[in-house]
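Lettered A, B, C and D in written order, each chain numbered from 1.
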Amino acid sequence: MSTLTIAQIEEALDVTCDTVIRNEKYFSDLDGLAGDGDFGTSLATGFKVIKADLPGIDKSAIGAMLLKISMICSKHVGGSSGPIWGTGFMRAGMVSKGLTEIGHQQLTDMVGSALEGIMARGGAVRGDKTLLDALIPIHEKLQEMDGSDLGVVLAAVAQVADQAIDETRGLIAHRGRASQVGARSANTPDPGIVGIATILCDWCKHYGVDYTPQAAELNH
Amino acid sequence: MKKFVNDPANFVPEFMTGVLAANAGLLDGNLEFQMVKRKDRPSPNHVSIVQGSGSGHEPAHICAVGPGMLSAACQGPVFAAPPVDACYETIKAVATDAGVLVLVNNYQGDRMAWDMACEMAEAEGIKLKQFIINDDVAVQDSTWTVGRRGVAGNFFVMKACGAAAEAGADLDTVYAVAEKVNNNVRTMGVGLTSCIPPAKGDAIFDIGDDEMEVGVGIHGEPGRSREKIRAADSITQTLFDAVQSDLPYNSGDRVALMINGLGGTPPAELYVVYAKAAQLAADAGLVIARNYVGEYCTALDMVGCSLTMLKLDAELEGLLAAPAECAVRVF
Amino acid sequence: MKKFVNDPANFVPEFMTGVLAANAGLLDGNLEFQMVKRKDRPSPNHVSIVQGSGSGHEPAHICAVGPGMLSAACQGPVFAAPPVDACYETIKAVATDAGVLVLVNNYQGDRMAWDMACEMAEAEGIKLKQFIINDDVAVQDSTWTVGRRGVAGNFFVMKACGAAAEAGADLDTVYAVAEKVNNNVRTMGVGLTSCIPPAKGDAIFDIGDDEMEVGVGIHGEPGRSREKIRAADSITQTLFDAVQSDLPYNSGDRVALMINGLGGTPPAELYVVYAKAAQLAADAGLVIARNYVGEYCTALDMVGCSLTMLKLDAELEGLLAAPAECAVRVF
Amino acid sequence: MSTLTIAQIEEALDVTCDTVIRNEKYFSDLDGLAGDGDFGTSLATGFKVIKADLPGIDKSAIGAMLLKISMICSKHVGGSSGPIWGTGFMRAGMVSKGLTEIGHQQLTDMVGSALEGIMARGGAVRGDKTLLDALIPIHEKLQEMDGSDLGVVLAAVAQVADQAIDETRGLIAHRGRASQVGARSANTPDPGIVGIATILCDWCKHYGVDYTPQAAELNH
C-alpha cells in the first residue's frame, strides 16, 4: 500500500490554493443563486494567505501543518466557511498529529474526523445540502477501498463528489444562508459541494489521473 | 454604484478607521482583527459584554461599544460572520475575572464562529457565557433550520445588559437580563428595495418597482411574503400585528417601541411609521414607556424599516433609562 | 415609489404627529401651523430661537427643537417655505421680553416668508432679530441671485446660539454668536442620486448611473458640476478642498468637522468619508476638536453627503460642548 | 366710465379660484421644468381655501375682502408664492380700503401698489423672469387706457400677459428656485407669468370677451 508524505500533502494543498483562488468569482456566483454570494471570496481570502505561508509553515509533522492551516482559516475566512474549513483542517490534523507520512487507513480516518467535527460544529446531517453531502460519501468510498493505487482512489472520490452535485441539486438547503430562501434553493447546486468536487478534479488533472467530470459546474 | 467606497475589499477597515478617528477618546481599535473596545475595559469588577457580526448593519456592532453598552465588538466582511480569530481576540481583549457575556445574533455563521472562539477562550480559562438573540418573527422556528434570526431587538439586549454590567451585576445576573429581554422582544421588518453590497456592486435580490418584501432579513433574506407596496399605515399595521400577535402583549403593559431604519429610508418617513405604530399600540392599551426612531440595525442601503416591541418590567425600564454612550452621537 | 407615505398631501402633518408622539415630554405641537415648540419656552429670561423651512430636511428643523437648541420651529410643505402665518405663529409662540432670534436659511421663499412674519410680529411689539445663514460654498455669491444657500452648517448656528441663549445671553450676544458661526462655517455636498418628493413620486432631476452632482443643493438644485462618480477618497478630497479653500483655515486651527448624510446613504459609508476627511484635515495641520457623523440636514432620500467645517475659538468650542437635547436620540 | 362693485370683484376671484385649482398639476409641471415643481400645488392649496371661504368673507369693503384673501395666502400658501401673492393682495387691499366700488384709476393704482409691494418683498426687477414681467406691462397698459369699456381693458391686459410668456421665455431666471439652475432656465416659460395670463384669459372667456390666446401654454 502506498503512502503520502508531508511534501506530497503540501503539494496537494498548494494545488488546492490555486483552485480556490482561480474560482473565487465563480464560487461566489454559485453562492449568489440561493445564498449570499460570499463563498468564493471568503474561501479565497484564506487560501491566498495559505498559498503565501505554505512554504514557511511548520512541517515537522502532517498534523502540525494542518493545524497551522486551520489557524489561517480561523483568522482570515469569514462567514460559515471559516469555522467549517477551520474545523475540518483542525480535526484532520488532530488525527495525524506527529505523523510524517500516512497510509490509506489514516487518510480515511482524517476525512472521518474532519466530517464529524464539521457535523458537531454546524449541526448539519446528510441531506441538508451542504459539503457534508460530498464528504460523507467520500468517507464511505475510502472505507470500501484498500488504497493500493492512489490514482484509482483519487478518481473514485472525485466521482463521488461529482455525483453529489447532481444528487443534491434538487434538495432544499436546511443549513446556512441558503436555508433561508426555503424552496428557492431547489435546483441550484450547493457551492460547498461544487468546491470539494472542483478541488478533487483539479487534483486528478495535476496528478495525471484520468477522470472526466460530469456535472455542469465542473465543465463551466 | 451609488456609494462612497474605494476598493470594496477595504470597505470594512476604512469605515472602522473613520469610527475610530471620530471616537478616539472612547475607543481603542485593532484593525488586524476588525475589533474595537472601550478604552476603560476590561475592569476586574465589571462583566464585559461583546458582540460581533458581519458588517453592513451599522451602528451594530462596533458603533454600539461604549459605557453602558458593549465592552468590545468585531466585524466580519460585509454580511459574513467575523473570522473565528477575530471573535477570539475580541473576547480576550476584554476578558476579566468577572466574566464575559458573548451575545450572538442567531445566524449559522455567527454561531459557529463564536462557538469556536468561546471554546478556545474557555480552554484558556476565560470565564464566559454565550447568549443567542433571535427576535425576528418573520421566520418561524423549525427543527431543520437554525431558527429565528437576531435583528434590531438586539439593541435592547445590548443596552440592558450593558447597563446591568455597568452597575456591577455578576455574569449570571447579566445573562439573566439578556434572557429576559430576548424573551420579551419581537421584531419584524419590511424591505422596499434590495441592498447593494459594495463588493457585489448590484442588488442581491430582484424586486419590482411596486413590490415589497414583508419580513425581510437584514441581509436581504426573503421574509414571509412578496407583496404590492401599500400605504405606510397599512404596512405598519402588518408589522405591528406580526409583532404583537407573537407574544401576549396585554392591555396595560408598558413597552419600548422602536422604528428602525434599514439604511436608505430618511427620518421623516420613519416618523410616519412611528405615528401609526404608536396609535396602534395605544389602541391595544399598551403604554409606550420609551421610544426609539432612527437607525439601530441597518441592512446597508436598503430602503425599509423594522418595528420592534419590548415588553417592560421595572427592572428592564430602569436598565433602558440608565445613561449610556457610544459612537452614535447627535451633539 | 419606494417610500413610507399615505396620502402625500398629509406627509408633513403625519411625520410631525410621529415626532410629537415620540417626544411628548419635550415638545408641544400645533399642527394647524406645522409648528412645534419646547414645552418650557417662552421664558422671560431667555432669548428664544426659531427656525423653519420646507420639509424634507429632517432632523432640521422640527427635530432640532429642545433645550440648548431651537425654542420652536415650523415646517412648510416638502421643499417649500412655510406659509407666512406659520412663521408668524412660531415667533409668537415663544415671544419673550428677552427677544427672539429668527434664523433663516438663505432661500428666496424662506426669506420672504420670514420677512413678512417678522414685520407682522414687530408691528405687534415683539422684540426680534433676524439672521440669514449661507454656508454653502457650491453656489458663488452674485448680484443677481439670492446668494449662497444655507445648508448643514445651519446645525452649528442652532447649536451655538441655543447654548448661548440657554446660558442667559441677551439678544445682541446671541445674534453675534450666529454671525460668528456663519462667518466661520463652510459646507459643500455631493449627490449621487436625485431625491424623490412624495407628492411628485419620481426623481426631481435625471442623473446617470455613473454620475454625481458635485455641490448639489438640499432640494436637488444643481451645484458646481456634473461628473463621473469617483472613489470615496477622491470625492472627499473635492469636498474638503472646496470647503477649505473658501476660508483661511490655518495650520493649528481647531475645527469641528461634520459629515452629514443626505438621507439615503448608510452610516458605514459616512464613516468612510469621515476617515478621509479627518486625514485631510490632519494633513492641513487642523485639529479636529469635535466631530459629527450622521444625518443633520437631509434632502429626503437622496444618496449623498456633505462636508462642513467650522473654525472654532474658545467661545464656540464651549458652546458646542454645552449639553443639549432634541428629538434625535440614540438611547 | 364703468365701475367694478364688490360683487363683481368677488365673482372674478371665484373664477380665479377655479382657474388655479383646475391648473394645479399643469402649473406644477411647468415649475418642474426649471424650478422645483411646487408652484401649482402651493397656489391651489390656498385658492381651495379662498373658494370655500369666499361666500362668508367680510365684504364691507373691497379692501377688507382683499386683506382677508391676503391672510389666507399667508396661512395656506407655502414657498415663494405665499409671500408674493399675499403681499400683492394686501397691497391692493390697502389702496382700496373702505371702497365699495372702484373705477379704472383705482384699479390701476391697486395693480401698481401690488407690484411695488412684490418688488420690495422679493427684490426682483423687470427682466428677472418672474410674474412681475407680466404685472409691470399690465400696469403700464392700464395707465395708457381710459377704462371706458371693461371688455376692451380686459382683452388688452390679457394680451400683454400672453405676450410676456413668449417675451421672457428665452431669459435666464434671476430670482426664485429657477435662478439656481442658471442657463438651464432659458427656453422654459415662467410659471408665474403663465399663471397670470391663464387667469386673465379665463376671465375673458367667463365674461364673453373675445380674445384668442397665442402662447402655447395657454392652448395646452
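We take it that contacts are C-beta pairs under 8 Å (C-beta built on N, C-alpha and C of every residue); 3 or more make two chains touch, one makes a residue touch a chain.
Not measured: the values here are computed from a predicted model.
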Of all chain pairs, which one counts the most C-beta contacts?
B-C
Whole-Å gap between the CA centroids of chain A and chain B:
33
Gap in Å, rounded to a whole number, between the CA centres of chain D and chain B
56
Round to the nearest whole Å and give the separation of the Cα centres of chain B and chain C.
29
Which pairs of chains touch each other in this structure?
A-B, B-C, C-D
Which residues of chain B touch chain A once you look at their complex with the stated criterion?
54, 76-86, 88, 107-109, 112-113, 115-116, 139, 144-146, 149, 197, 199-200, 204, 217, 219-222
Flag every residue of chain C that touches chain B in the complex, lowest number first.
1-7, 11, 14-19, 21-22, 55-56, 58-59, 63, 159, 192-193, 209, 229, 231-233, 235-236, 263-275, 278-279, 291-295, 298, 300-301, 303, 305, 320, 323-324, 326, 328-331
Chain B partner contacts - residues on chain A that touch it in the complex
32, 36-38, 41-42, 45, 71, 73-80, 82-84, 86-87, 121-123, 128, 174-177, 179-182, 184
